[in-house]
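Labels for the chains are A, B and C, by order of writing; each one numbers its residues from 1.
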Amino acid sequence: MEQFLYYLKVSWVSIKRAPLPYALTIFILSLGLGVFFANATFYYQLNSDPLPHKSAKLFFPMTLMVPNECSDCPPPRVLSYSNVQKLSQSDIPSAKAGMYSADGYLRLDTKQAPTPVSIRITQPDFFKMFEVPLLHGSIWADDKARLELILSKQTAVKMFGRSDVVGEKILLDDRFYTVIGVLDDWQMLPRLYDANNRGHLEDADQVYMPLETGYDFNYMSNRQSHTYDYTDYRQLATQGRTGALNQLQFWVQLDTDAQQQAYRQFMSNLVADEKKAGRHPSTPNNQLIPMRTIVTYFGGESADIKAFALVTLLFLGVCLFNASHLSLNRYISNQYEFSLRRALGASRGQLQQQMLADVLLMATFCCIGGLLIAWGGVTLLNFLWPANSLFGRWDLTLLLLLLAITFTMSYLVTLYPSLRASFGGLNQQLKE
Amino acid sequence: MIQLKNLSKIFRTELIETHALRSIELQVNEGEFVALTGPSGSGKSTLLNVLGTLEHFDEGDYLLDGQSVKGLTDSALSKLRNEKIGFIFQGFNLIKDYSLQDNIELPLRYRGIAASERKRRAEQALELVGLAARRDYHPSQLSGGQQQRVAIARAIAGQPRILLADEPTGNLDSLMARQVMELLEKINNDGCTILMVTHDPDQARRAGRQVQIVDGQLSDAAMYDPLAVKRA
Amino acid sequence: MSLHLLIKSLLRRKVVTVLLLVQLAMTLALLVNSLLLAMQTRDKLNEPTGLNLPQTLQVQLKPTTPDLRVYPLLGDLLERQMAAVRALPGVKAVAYANQGPVRQGGNNGNLFDADAQERTNIPDIPQYMVSPDFFAALDLNLVEGQLPVTPIAIDIKTPSPLVLTRSLAEKLFPGRSAVGLKTNRAPVAAVVEDFFGQSEATKVTYNMIQVAPLYGVDWGYALLINTSAGNTEQIRQQLPEVLRKVDANIEVFYVRTLEEQHQQLYRNEFGLATLLGILSGLMLLVAMVSSYSNAHFHALKQQQEIGIKRALGASKQLILLELLSENWLTTFVGASLGVLCALALNKMLATVISLEALNWWLPLLCSAVLLVCVTIATWYPARIATSVSPATATKTL
């Protein structure tokens, strides 16, 4: 320990001898690390798995059950009400939920100014499948229509000034509903259940309504909808339930491989039946997309983040080369001291320990510098790409990753110069 | 050829002033071989540096071929050094990463001499010092004496009128020292004016004339031998 | 000054030279591609849209109560809103529309010649339902036919006739006038000049317009306002208040000029170009810092050599030139490698974003910039090195 402290002291003395080259090395390496880390924050968060213990069991069924013939077409990103009803006929999934989102206006009474809210109109299994935490009250017992809402905690507090509002009445688009549940703080990031609508980067919805209620009251999707026949979307309650008006997402939970296989078979059988009945003129094209790959499937990966990731990696490389270069110059300047130590009996191993002390000091400074620059970088990225702002946050894993990368970079920057210094010809170096 | 008039050189630091040269009066004719002797710290090397325009002087004047060097620009002085003066240092001062050929050609490049002519002169100079076969060697591959001979070759390749040698044999053993002295004598016989700083009295005697410096002043400063003959 | 000796000098310090070359190459690669992206973004922002972007305002709004979102109350609301806006000084025309132009996506559908569906079907064409003043609000010139003046519903037996943009009409009915011809939606009444509709549509200039009541406003609607020069900002400030005075039961999402809308459309590209630009600047800074430090360090190491050269007749200017030439040579070689790196980086970036291929002059320009930066960075240490006294450097004292 005493020896290691001595090494740290020697490093410090060496830095004080020529502070400018050292400062430049730290500056350059911190810059590279900071910029890289800022982008890596978004990249990491955007590609993280919000339900790592469960995402392999959640699937997004897609089918080309549309009235028009379309050869070699991919299935639509959204399903119709009748598609969802048919796909729900199977008992194979452990859970299943059809849903979509819409806009609405919430207030306590008609005298109050309305507050715009985003509504998730869904079947009750949604909460179980995506492990949405409930703070107060309960979820709807079944799929039936009812004038009952579930609020997010923030919405409850905003409207009522408190979170426990179970049983309270609230006005949504001029209809009174009863609040039957309040969710706990919950932010599933990325919101993979909305990836088909490219909504996976956004905040969770504020209000939750039963699916049947949404259709009864003609709530149109605020994301995407496609009509494949003459269904009038203003008649959602009637025509919307039978016609080819696609606006729904449908998720199923299939816990085992056998279930997944069985459900695929079920979908094939369903489509075959539809074809026989003349309701599926196109060539079947069923998909069962696993949650982990859904963003890739729908091309929702942020191309800009990817491009910037490539470039920041390049920048880190450039900074690494620069810092190595400066470090090499610094070590060559201190060559004499290294050689003298060796001449006085220090082994190469001891010189390497000296080098580790250097690395530790360098890593400490670079970590501080890198974090400061990364913070600035995240702020800038949030400003330029506000759509990704929910993902500009750090957690323990990321910070530990930064530490590890910083230490590795500091080691690499110091490795060659220190090896060169400790392996050169003693006699020549002492003369110089 | 060389005339110093009341020349002084003062080294100044924040605390002290050192008069390295005081009111030097010296005249050297073309073709002379002058040995500058004196105790350590007497100002010999300083005088040589001033003669070689490596150092500026503070008072008096220095006339080279009748032209005063006072007030000449850096470019003019560099040109003067390059064309008229050759240097031989105690520490050889060869560029260790250049080959012998490259080292010798260096002053010729600054003069703008064409590549073929440079090559010819360098080879000639190496021939003169007996190292023609090692033109592609690097200085680290040679002994001290050989390195000094290369330094001499570099100095004479440009056919200077004056050769300034600062303890040219200081780092050499007696055999090599003798070889170097013989070479210098040969160069002097060919018409080159040589001023050589030396501690060695034997070497000083081999020069045609001795000038002693003590405490920055020439003792026997008027030791200008009017009967010195320009040797062909 | 000899190229051969310069190269030798660089080869003496192989590792340092290689490090320098790699960083110069990578810096140039990034600089070139950043500039390319910036130019591409600038071109996109300067592309012709067929619209008077700075002087056309768009208000995106939605009634907050369900009954205001359907006719007849919706129709009454629209008329009152347009009348109130029309009364503002500087307003030349105002119209409602189900959606504004210059967007990424929105309400769209397919269109084909009623007599030749298979051959002429074009998907994803923006579909506009507008009030009669729409064409005046966007300053669209009539090419042929007559613009409809009465709003007629689109979902009845004789729906509101279509107005097509010129390029769409030419695509659908090549070589003949589109006026009077039937499509799957309605017959064509007129053709207007092209304007920028949606970037994700089949083509940005393909647009179909019907003068019709709004089919539904669940996604809100737009008011498009043509303003006279000098009044735009003032009108913009007043609009939210004016509209709320007409009826408070509205949510105004935003009030923007079409120019801002256009910039918003390319916000991501602009963001990426900005970021890459900043990164390029940082890379240049890093290259300069490195060059400075390298020059400073090697000038110190080369003091003796510099002193010898000075003693042998090299002037200060010549030494300065030699030191700078070493850097120029490194930069030249690094830049040459950088061109290859730039090509590789361009190909890699093109797999994730839309990026044009490199042209011939951009690498040259960037190499020149790099050269200037490196020269500036190494000037001072090189200058200091030349003032070394030859006597000191050769240790003759």
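Everything below uses one rule, namely that a residue touches a chain if its C-beta (ideal position, glycine included) is under 8 Å from a C-beta of that chain, and two chains touch if they have at least 3 such contacts.
Since this is a predicted model, take the numbers as computed values, not measurements.
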One chain's C-alpha mean falls closest to the whole-protein C-alpha mean, and that chain is C
Which chain has its C-alpha centre farthest away from the C-alpha centre of subunit C? B
Centre to centre, by mean C-alpha position, how many angstrom separate subunit B and subunit C? 69
Roughly how far is subunit A from subunit B, centre to centre by C-alpha average, rounded to an integer in Å? 76
Whole-Å gap separating subunit A and subunit C, where each centre is the average of the chain's CA atoms: 27
Which bits of subunit C are touching subunit B when the two form their complex? 1-2, 5, 8-9, 12, 304-305, 307-318, 389-391, 394-397
Would you pull the subunit C residues touching subunit A in the complex into a rising list? 15-16, 19-20, 22-23, 26-27, 29-30, 33, 62, 64-67, 155, 215-216, 218-219, 248-249, 251, 267-272, 274-276, 278-279, 282-283, 286-287, 289-290, 293-294, 297, 301, 345, 348-349, 352-353
What part of subunit A is in contact with subunit C in the complex they form? 21, 24, 27-28, 31-32, 35, 102-103, 105, 113-114, 116, 173-174, 219-220, 222, 232-234, 303-304, 306-308, 310-312, 314-315, 317-319, 321-322, 324-326, 328-329, 332-333, 380-381, 384-385, 387, 416, 420
For the complex, which residues does subunit B have touching subunit C? 45-46, 48-49, 52, 54-55, 74-75, 78-79, 81-83, 87, 89-91, 93-95, 97-98, 102, 106-107, 109-111, 154, 166
